[in-house]
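First chain written, first letter: the chains are A, B, C and D, and each begins at residue 1.
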Amino acid sequence: MKVQVLYFAWLRERIGRGREIVETEAATVAELVAELRAREERYDLAFSDMTAIRCAVDQALAPVETPLEGVREVAFFPPMTGG
Amino acid sequence: MKVQVLYFAWLRERIGRGREIVETEAATVAELVAELRAREERYDLAFSDMTAIRCAVDQALAPVETPLEGVREVAFFPPMTGG
Amino acid sequence: MAEPASIRVVVTEADFDLGAETAHLEAGGDTGAVVTFTGRVRDTGGALRRMVIEHYPGMTERALTEIAEEACRRWQLTGATIHHRHGTLVPGDRIMMVATASRHREAAFAAASFLMDYLKSRAPFWKKEETEDGAEWVAAREADEAALDRWNA
Amino acid sequence: MAEPASIRVVVTEADFDLGAETAHLEAGGDTGAVVTFTGRVRDTGGALRRMVIEHYPGMTERALTEIAEEACRRWQLTGATIHHRHGTLVPGDRIMMVATASRHREAAFAAASFLMDYLKSRAPFWKKEETEDGAEWVAAREADEAALDRWNA
């Protein structure tokens, strides 16, 4: 399946792009992260400390255990600093 | 001694004036209240429930036990309702 | 050392401009957070015709200044403003405002809440409400007096 | 029954007018209290050149609306407004505001504080600070995450 993947803040800078379409068979967000890390070193480095990364599934905060079935958009970013 | 006495809100309305100069030998605010109450019925009625009345001595909230010596201004009023 | 907080107290019949008051408070370079409170005459089911606010000239300004100074002692504020109207108001009119400025939001929120609690029970203002049935002095809420306790725990 | 609270969420590069936003919230007849919070870029000793705010279009509006709706469920509000800027700002610029309206001050204060706490840690904004020494993403404060606990006691 095809999933739109978005990166924000320093994660976007380290990976070098803000969004991409990923073709994946991952069952969960965590498996998607593992696939991305296996792909290229910049992904591996960007995702090396998952405690510093938050995740949104279809624009709502979600844990990495979230199933990918039927999901259109997954986003990764550091803890938020608005306000 | 002469003390300026002020009344506010319903206390002012019941007494029928907002301020007056009072010639008194009262030692405390409480004694001043007793003198006023003895003077006329409208004062007696206005001061009949002292739990509903607050007092300021020289423009600062003060208990009725406060001595009058050297005081220029005493004010009586109901609990405040600003804001 | 931080600059002393700028305190501004206004007691007047005139309305105020919340945006301008806030911009004034923001002017300090170290201000990251401004909290404001605005009180307004509610249109209680259309029954209220007007509200008359009486105050104690002289003591009012003194009491408000002391309350603002106390807030500046308790929190690291860059500024505090209190503007309270008196005279005759109608439903929809603004009654008063407080504004507090600080580096961070916690101090600004706490100080604004503190100013309101103290102002409600310690500043010499009295409200009288006029309806078609007559006029009545607003009674003090017990909750307002009780609200002071949390600042003296 | 009370009318439903009016919720207004704006995410834009443009500045806002605090006075106008507050006047808008005050328009309801049953509003007696309006609390606002304004956040501003601090001029940290002159070192900061600019601040760039990134956000997640789509999710941002959704997250802010949900936070405002949750506040309206927890307190009897007549209205809630959140305005957050993104893009490039300089010291002294306003970053964002929240405003809450209610009959009484307690609900307005609590709801505004709640909106800020949730917005800080749950709305997808990221700040980057640029000084002459380079650019750095602002780290989340542990205190901001901890601040959420008091709303879930």
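Throughout what follows, a residue touches a chain if its C-beta (ideal position, glycine included) is under 8 Å from a C-beta of that chain, and two chains touch if they have at least 3 such contacts.
Note that the structure is a prediction, hence the values are computed from the model and not measured.
Trainee: What's the overlap between the neighbours of subunit A and those of subunit D?
Mentor: none
Trainee: Averaged over CA atoms, how far is the centre of subunit B from the centre of subunit D? Could you give it in whole Å?
Mentor: Distance between chain centres, rounded to whole Å: 48 Å.
Trainee: In angstrom, rounded to a whole number, how far apart do the mean CA points of subunit B and subunit C lie?
Mentor: 26
Trainee: What's the distance between the Cα centroids of subunit C and subunit D, rounded to whole Å?
Mentor: Distance between chain centres: 22 Å.
Trainee: Multi-chain contacts in subunit B: which residues touch at least two other chains?
Mentor: Those would be 83.
Trainee: If you look at subunit C, which of its residues touch at least two other chains?
Mentor: 39, 105, 116
Trainee: By the document's touch rule, what are all the touching chain pairs in this structure?
Mentor: A-D, B-C, C-D
Trainee: Per the contact definition, I'd like the list of subunit B residues that touch subunit C in the complex.
Mentor: Per the touch definition, subunit B meets subunit C at residues 6, 8-10, 12, 56, 59-61, 75, 77-83.
Trainee: Give the list of subunit C residues in touch with subunit B in this complex.
Mentor: Subunit C residues touching subunit B: 39, 53-56, 58-59, 62-63, 84, 95-96, 116, 119-128, 137-140, 145.
Trainee: Please output the residues of subunit C touching subunit D within their complex, sorted ascending.
Mentor: Residues 17-20, 22, 26, 29-43, 91-92, 94, 103, 105, 108-109, 112-113, 116.
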